[in-house]
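What follows is a group of structures, each given as C-alpha cells.
Two complexes, one shared chain (subunit A), two partners (subunit B, subunit C).
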Partner chain A sequence: MEHIRSVTRPPHTEGDTGEIATSLNDTQFYHHQKRIALRNCGFINPESIDEYIGVDGYTALSRILTEQTPPQEIIDAIKASGLRGRGGAGFATGMKWQFTADAVSDDGVKYVCCNADEGDPGAFMDRSVLEGDPFSVLEAMTIAAYAVDSHQGYIYIRAEYPIAVKRLQIAITQAKEYGLLGQNILNSGFDFELELRLGAGAFVCGEETALLVSIEGKRGEPRPRPPFPAVKGLFARPTLLNNVETYANITWILNNGADEFAAIGTEKSKGTKVFALGGKIVNTGLVEIPMGTTLRTIIEDIGGGIPNGKKFKAAQTGGPSGGCIPADLIDTPIDYDSLTAIGSMMGSGGLIVMDEDNCMVDIAKFFLEFIIDESCGKCAPCRIGTKRLHELLCKITDGNGTMEDLDTIVELCYHLKSSSLCALGQSAPNPVLSTLTRFRSEYEAHVLEKRCPAGVCKNLLHYEILADKCKGCTLCARNCPADAISGTVKGLHTIDQEKCIKCGVCMDHCKFDAVVRH
Partner chain B sequence: MPNCKTVVPYTGTKEQEEALQEIIAAHKGQSGATMPVLQAAQELFGYLPEEVQIMVAEGLDIPLSEVYGVASFYAQFTLNPKGKYQISLCLGTACYVKGAADVLTAIEKKLGISTGSITPDGTFSLDACRCIGACGLAPVMMINEDVYGCLTPDQIGAILDKYN
Partner chain C sequence: MKTLEELQAIRETMQKQLNVRESDGNNIRVVVGMATCGIAAGARPVLTAFLDEVNQHNLDHITVTQTGCIGVCRLEPIVEIFAPGEEKVTYVNMKPEMVPVIVNEHLVNHKIVTEYTIGAAE
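This part shows the complex of A and B:
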C-alpha cells in the first residue's frame, strides 16, 4: 500500500467561495468548457496507439477505407460542419480541401502538410494536442490525404517542442506497425507516408508559404499569393496545409456528424476554440470553449479573475498580429468576426490578461521588438517600417514624443498594412493601432504629461521620499546602487534625481512605505 | 542578433567529421535536406563553424552561400559556440507581462554578461527566447534541459549557484 498517500492539499478550490471542488466537471474552470480538440488530452496515454483506438480512434479512417467513401463526401461533411482554420486567419477548411482536391498536378503528386510551428508567444494549444493526442492529428492527415488524393505528408514542427517531436515519432512508428500509415493502409490499396520536419526558430515560418519553403530546406521567406498552396505549394505541387488544432477537430466531426459540430458556436464561427490563458489571471492554462463565449466568462468564471485584487485592464489575443481588448469590451463574444470587428483577431489562441500594472505603450513596443527580430527582411515595408515604428514608440516612452508622432504612427501603420508582402508585416501594426485606439489617453499621458500611468516606462518614472514617513533608517541609502540618496541617521533622506537610475531598490527596501513612485 | 563569424578556433575532431559525413551521405539526394543536416551537424559540434558549413555544402553539392543563408536565417542555428550551461529565458508575452525583463536583468547582473553572450570561462551562455510554450508557469527559463517556472529576480542567485 506504499503508493497510497494522504492528500495534503486539495486539488482545486474555487476562487470566490473557497469551496473545495469534489469533481473536475463541477469546477467553474471546466463547467463552461467543451472539449473537442482536447478531448483525449490527459485521458489517454499519448504513447499508446491501443489507448487511442480504445477511445474510438481510427474508427473514422477504417470506416472510410473499408467502405471506400467517395472523397467528395468527406469534403462535403467538412464543409457542412463550418470548420474554419484554427491557425488564425479562419479560412473555411472544407474549401481548402476542395481547392486541393480539384487542383491538377502534372505528375499526380500532391502533399498534405500540418502546420505545427506554433510561434505566437503565449500560445501552446498545438503543443498540448501533439503531446497529449498525436494520433488524432495522424488520423486526420491520413483522411485528408485520402480526400485530396495525396500520398506524402509532412508535419512541420518547431524544434522548441522536444516532447511533442518525440511523441509524434513514436506515434508514426506505431501507426506504421499497425498498418494505419504507410503502404496499403488497412489493405485498402491506399498509401500515405508521413515525415516530420523540424523548424529552427523562425516565427515567419508559421506563414504558409514561408513554411513550405522551409520544408524545402531554404530560408523561410514568404512568397506572394496567388498562386495559393492549394494550387502550387510544396515543391510546386498542390498542397493542403492545415493547423494542428484544425486537424484535431476532423475525426470528431466525421464520427459525430457535421450537424452536431455546426450546432456549437455562432452563425459564422462553428465549434470550439482552444485558448492559452495566461498573464495576470488566477487560473492559467488551456481552455476550450464554444465559439461565442464572452470574454467575461473566460476571465471571470473560468480564469477566476485577476490576482492580488488588481483590476482587469485588457486582454491580448492573436499574439503579435492581434490587438488588445479593453475592459469596456469584456462582453464581446469570442468568435472570428467579432474579434476582427474590434481591431483584434482570433489568432492561434493566445489570450494574455493584463492588469493595471501593465503599460499599453510598453506592450505595443514589446510586440514590435518581437516583429523586428522575426521579420525575414524580404520586403521593405516590414523590414524598415517596423523599425521606424519602434523608434517612434521609444521616443514616446523616453518622454520625447509629440502629438504629431501619434499621427505619424497611425499613418505608418496603414502603409505597413497595405504594402507588406505577407501576413506578418500586414498584421504587425495591429498591437500598436489597437492600443493607440483603445488606450489613447495612456499614450497622451506619455506625450503631454511625460508620465507613465502604469509606472512601467523607466525614463518617465520619478522616485520620491515622503518627509512624514521617512524614519531616517538609512536602509535605502545603503542599498542604492547609484549612490543617489543622501541623508543622516534619523534625518530625512532625499533622492538626487540627476543620479537616480530608477531601479526601484529603495522602494523595495523601505520598511515604512516612505518611498513613492510617480 | 549577434551571430557573426566566430573568433573561437575550430576544434572539431576526426570522429565528429566522420559522423558528419555519414549524416550527409544518408541525406544526399533527398529534397529539402539542408535543414535536417544542419540540425544534426549542430547537435554534433554544438554550433556551426565555417569549416562545418563548407563540409555540408560540399557534401550535399550545394553552394556555400545557400548553407550560410539557411544557417544565419534561423534563430536556432548558432555560428558561435554556446556555454556548458545554456540559459534561455523566455521573453514571450505571458512571461513579459509577469516581469521576465526584471528576471533577465538579475541574470545579467549575476553573470556579468549581456544577453546573447557567454561567460569568459565558457560555463554559461545567456539567450532570450520567444515562448517555450509553458505560459502557465510564467516567467520561465531553461538551463539546458531543466525548466524553471514562476521565477522572481531573487531566486536567480540560488538557481545559478547549483550549476557552478
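This part shows the complex of A and C:
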C-alpha cells in the first residue's frame, strides 16, 4: 500500500531556494489552485458593491440587458461550458436552465432559487463564497432569471450563517440602490426581486424538494420526483434551483467565454471545484482546484501531508452521502465520474482526511448518527432503516458482531438505497458500504478478533502495564481519572480492568512506554 | 439607479484603487480577512488596530478594508498588504500588538516584517 510521506519540509517555504515566502502566492498551498468561484474571495470588500464593480462585476448583466441578448444564447453558453451542479449531484446546469425556460407556467410566474443550505459536516465552501463575494451570486441569479423569464427569486440560507446572511442583506440593499436588482433593472424594463429565506437548521432542507416546500412555509419534507422543480417547483410553478458555487461560476463563464471554462478540467467534468480540506491534514482550509487534479496533489502538495508523521489512510468526500477513498486509490483524478466509479461521490466539497488512528467502522457510525438525527421521518426506510443499521454497527464496535451481521448490513443498505424517498435516505448507506468494501478487513478484525486496529472502539480496547518496563514512578496512577491504577512507589503498577474507562491518559503520561494498548 | 456611464466610471475608479500592484502611485491597500474563520480567530481587534494606527500616523494613502476567506483558515487572522510594483505580502496569525510593528516597518519604512509572514509561520 502506498503511503503519504510525512512532512519533512515546511510547506510554506519555497522548496528550492530555501527563501521564506512572504506572499501566499509563493506557497505550495497556492500553486496548484485555480480560482474561479473564489476569484474575488479574500480580495474585495464583500460589503462594497463598488469594489465588486471594480473587478468587472455587473459587466455580464449590463451587457446582456443593454444588448437584449436572446435568453437562448445565454443558456447555450452555459451548456457549452459544460458546467455541472456544484451541490453534489452534478446535473448539467445548462440543461436545468433549458428545462426551466421551456416549462410552461399557467400564470407566467417562474422562480429562481439558490440553495445555500450547506449542511454536510466539515463543509464551508458556500459560506465562504457568500461571505467573500455575495454580489457574484446576486448577479448570476439575475442573469438566470432573465434567461428563464422569472421575476422573483429566493436565496434559501441556513440561519447558522449569520455573517453570510448579513452580507447578503447588505448586498441586496446596495444592488437595489444602484438599480441592479428590483424593478426596471438598468432601465431595461426587466424586473427581478430577490428575497432571503432562512433555514431553521434541518439537513434535509438542502434536498431540493424539501427546500422548496420550506420556502413555502411548510414543514421541510421531501416529496417524490417527478415532477421535477424545473417543471413544478416552488408554489407549483417552474423553478430553477442551483447551488451557491454553481452560481459563482456563471459570470466568469459569460465574461471569459464558455470555451475558456470548458478548457479546464476533464472530458466530462469542466472547470474547477472548491473543497473544504479538513481532518488529519497540515493545511486545513479552503482550496479550489481544476477538475481532474489527483487526490495526491490535494493531500500532499496543497494540503502539506499528514501531521505528526502519521500514515494516510483514507479521504472522505461527499459528507454523509459520500464514501471513503482508500490510500491505494490516491492517484484517482477528482471529477464527478471517477469518484462515483470508486464508490464515493463529489458531493458539495467537504474533504475529510483520515490517518491510521481513525477507525473506519467508527467513521461509518459517525455519519450514520448524523443521518439518524437529520432524517425527517417521512418515509419508513430512512426513519427505521438507518436506526437498525446504526444498531448493527454498534453491535460490531461493542465486540458482539457476527459475520452474518456484515451480510445483513449489506442487504439493509441495498433496501435503503432502493426504497428511500429522497437522496438523504438513498445515499445514507454510502459511508457504510464504501468502508465495508474498502476496509473489510477492519470490520472483520472487530467481529472475528474482537479488536479495533486503529484503537478507537473503547469496548474492544485493553490497557496493560508491562512488568519489565514499569519503574513505579506513580505518574499513571496519579493521573488516572478513574482511580483504576494501583501500585507502590518503585513497585509494579497494575490496571484494574473493571474500573478502567479506557481513556488512555496513563499511556500518554508514561515516560517509559510501559503502558500498552491491545 | 445608476446609468451605464455611471457604472463604467465607478468601475474605472475602483480598478485603479484595487489594482495597486500595477499602479504607479503610492497607494497601499491593507486587507484584513473577515470571514467566519477570521473573525473567530480574532480578526476584529486586528482590523480596529490597523484603522487606529493608520489614523494616528495620518497615512492618507493607505486604505484599510475587510475581505472574505483567502483559504488558509488555520493561519487566521490573516492580513494582506498590496503595494505598487510589489508582490502582495501575507501576514498570518495576527494579533493587535503586531499591528504597530507592521505599520511602522512595512507601511512607513517599506520594510517587510519577515517574521510575521506566511513563510515564517511554520
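Convention: the second predicted complex is superposed on the first by the 496 of 518 C-alpha atoms of A that agree within 3 Å, B and C clash if a C-alpha of one lies under 4 Å from a C-alpha of the other, contacts with A are read in each partner's own complex, and residues count from 1 in each chain.
Basically, a contact is a pair of C-beta atoms (placed from the backbone, for glycine too) under 8 Å apart; a residue touches a chain by one contact, two chains touch by 3 or more.
Predicted model only: the values in this text are computed from it and were never measured.
After overlaying the two complexes on the shared chain, residue contacts for A:R127 are found with subunit B and with subunit C alike. When the two complexes are overlaid on their common chain A, residue A:L186 makes contact with subunit C while staying clear of subunit B.
In the superposition on chain A, A:S150 makes contact with neither subunit B nor subunit C. Taking subunit B and subunit C in turn and counting the residues of subunit A each one touches, the greater count comes from C.
Legend: residue contacts after superposition of the two complexes on their common chain; A:T284 is shown touching both subunit B and subunit C. Once the two complexes are overlaid on the shared chain, A:E160 sits against subunit B while remaining clear of subunit C. When the shared chain is aligned, subunit B comes close enough to touch A:K218, but subunit C does not. Across the two superposed structures, the residue set of subunit A contacted by subunit B and also by subunit C is 124, 127, 161, 284-285. Remark: subunit C residues 1-4, 7, 10-11, 13-15, 17-18, 31, 33, 35-36, 39, 65-74, 80, 87-90, 112, 114, 117-122 touch subunit A in the complex.
Put simply, subunit B touches subunit A in their complex at residues 1, 31-36, 38-39, 66, 69-70, 73-77, 91-98, 129-138. Remark: subunit A residues 118-124, 127, 159-161, 197-203, 214-220, 235, 276, 278-280, 284-285, 316, 319, 350, 352, 354, 358, 363, 366-367, 370, 373-374, 376 touch subunit B in the complex. Interface of subunit A with subunit C (complex): residues 10-14, 19-27, 29-30, 33, 38, 40-48, 50-51, 53-56, 58-59, 62, 66, 124, 127-128, 131-133, 161, 163-164, 178-180, 184, 186-187, 283-288.
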